[in-house]
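I'd like to ask some things about the structure below.
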Amino acid sequence: MAYVDLERENTIAVIKLNRGKVNALNHELVNEVHDHFEKLEDDDTVRSIVLTGCGAFFSFGFDIPGLYDLTREAFTEFLVKFTDVYRYLFLYPKPLVAAINGHAIAGGCMLATACDYRLMVSGKAKISLNEIAFGATVFQSAVEILKYWVGPRTAQDILFTGDMYSADQARDLGLIDGVVSSEELLQRATALADSFRERNLVAHAHMKKMLRLPVIETAMRHESATIEKFVDIWYSDTLRENLRHFEIRS
Amino acid sequence: MAYVDLERENTIAVIKLNRGKVNALNHELVNEVHDHFEKLEDDDTVRSIVLTGCGAFFSFGFDIPGLYDLTREAFTEFLVKFTDVYRYLFLYPKPLVAAINGHAIAGGCMLATACDYRLMVSGKAKISLNEIAFGATVFQSAVEILKYWVGPRTAQDILFTGDMYSADQARDLGLIDGVVSSEELLQRATALADSFRERNLVAHAHMKKMLRLPVIETAMRHESATIEKFVDIWYSDTLRENLRHFEIRS
Amino acid sequence: MAYVDLERENTIAVIKLNRGKVNALNHELVNEVHDHFEKLEDDDTVRSIVLTGCGAFFSFGFDIPGLYDLTREAFTEFLVKFTDVYRYLFLYPKPLVAAINGHAIAGGCMLATACDYRLMVSGKAKISLNEIAFGATVFQSAVEILKYWVGPRTAQDILFTGDMYSADQARDLGLIDGVVSSEELLQRATALADSFRERNLVAHAHMKKMLRLPVIETAMRHESATIEKFVDIWYSDTLRENLRHFEIRS
């Protein structure tokens, strides 16, 4: 595969996003993430998984220049796939730790919030659902998952302001669980993932399903409609104008 | 209109409850609030709205002396209208800031919690859902909206005790967002409303709908039944006796 | 009745679990709890109820040695009864205070979280949903009720770690409401129960129903399936092995 690296450390798999400088999300990368997680689900030698990014970014979000010229149909297809994978990770039966090694923005933040725990590097990295800042929106599942972690009132603040949070701020909001130095990040994330080694993973998976399935059921009542609305806004003149200024190269 | 004043400041509309000394809520006032908001929804020159009260009160709640003699049917009709408007405001597409200039009690507190943000005057003013104190109850939508802001456990405390909270206490509970001096209240509320001026309001409205529609859907499963129960309790001998002591003149 | 004591103090009923050293939960005890609460529901001289344990334990949870040899059918029947009673208490119309006099573990913790308030003795007593520690799981209603008190993120921590919390830790998590010395516990719990004496209990019961019925409705969508899964795990080889080491005598 081209955009995702897989490493193993004993019973832990480390999945690393590896696409250009900012790990921008496109259809191929999302497909690869999905394929990796599906294979690891059935692999009994893997008990827990760490998700991180190569380089200086976790993920800066959607590959806007790459997605900009898609037809409405192809872009909708991408969003359906992305939200499927996002919800699949949130319901993933094995423990899942995000090691947020750099900026985790928009779709990148969504991938991180689909994990069970988030450790984030201290320093300049930011985490944000900044869609409102360029006039875009999110999906029902992103809203429900955000509510799950921080409650509705803080979720509203995060979405309405689109603020970029430092790791310390994100920890205070409940958006991440711990702030770690760059040198220690992967080791600490691996240790956290490893703390589930002795667990009965059948019981763990069942608890996780009980905690989260009702959240996803609420999301699914509106998921298609909110993806459609996302697309409407994406192809509006206002957003086309805003998106044209994005220069992030993937 | 008789009971609601409308002022404009650039792209912001300020709606002021203006009915007697305490801005007691009756059918006419609720109708007027509704009419104003409906007109402003379609007015592209208005980007956000501030809701406040004239005089020393935000609103002391229902006009009990005025409602006391209504037939069961007419009172039910009032409650249906009130809860319709309350939910309509909670789902209102434009940003909505409550400037709580004085006591916001019972139905008055509900109107305030239907807004996106609440700034409250420091000092003696209280905010409360004090229905239990005189043996009355609330509606399913009031419960769900309260849970949205403060979580179920604090919502329970607020409803079970009927406590009257100062602005500082209410901020600590998460029931309001900021405490402001009387002199600065309207200016600060207007500035907060104005902070949305540059936003894509289509995207903002969509985010708001995603955050809140599931809350209202839960409420609607029980809204009619809880209004009926409210009416049963209102016309019970115990409550008739309690209500007779209310002397608040609207 | 054999396993539950009932005492009265004015308008307050005190229900005391009284089964062996640890108040281990079996079918008979759960039936007795149910019968007591059903009778007190219709007793107009009783306005509120305190639930506590005799001896040094609130309840250490299921009577594992006693349940170990049950057929799958009989064990399922026990779980259906237990969850019925647990949900019945959570929706109980009268105010209900848990006086946690000692360890409240697993099923014991569930009984405590079904009450409206929890006062817990300071010192060595622990409260925990420690099912994961021995490879077992919980029920959808236990998850939803836990979320109600502490929010989804803390609920997840409690269930994923199975940690044993001191009273002080439990108060910081929002799992209990107050920490009290052993000498004062029953008096303080009774005073809290008595604080509802002047209330309109019809209005109070209605508020409680509005706060909690949607929680139970969510739980009921999955309750049977999660009980079945609980049974599958209970009769798995791994758990049989773990349970064999339990020596708690009821």
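Note that the chains are named A, B and C in the order they appear, and that numbering of residues resets to 1 at the start of each chain.
We take it that contacts are C-beta pairs under 8 Å (C-beta built on N, C-alpha and C of every residue); 3 or more make two chains touch, one makes a residue touch a chain.
Because the structure is a prediction, the values reported are computed rather than measured.
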| item | value |
| --- | --- |
| Contact graph of the chains (line, ring, star, complete, other) | complete |
| Same or different residue numbers at the chain B/chain C copy interface, by half rule | different |
| Where chain B and chain C are represented by their mean Cα positions, the distance between them in whole Å | 37 |
| Shared interface positions of chain C, touching two or more other chains | 151 |
| Partner chain B, residues of chain A touching it in the complex | 131-132, 135-140, 143-144, 147, 151-153, 155-156, 159-160, 218, 221-222, 226, 229, 233, 236, 238-239 |
| Footprint of chain B on chain C - complex, ascending | 116, 148-151, 174, 199-200, 202-204, 206-208, 210-211, 213-215, 217 |
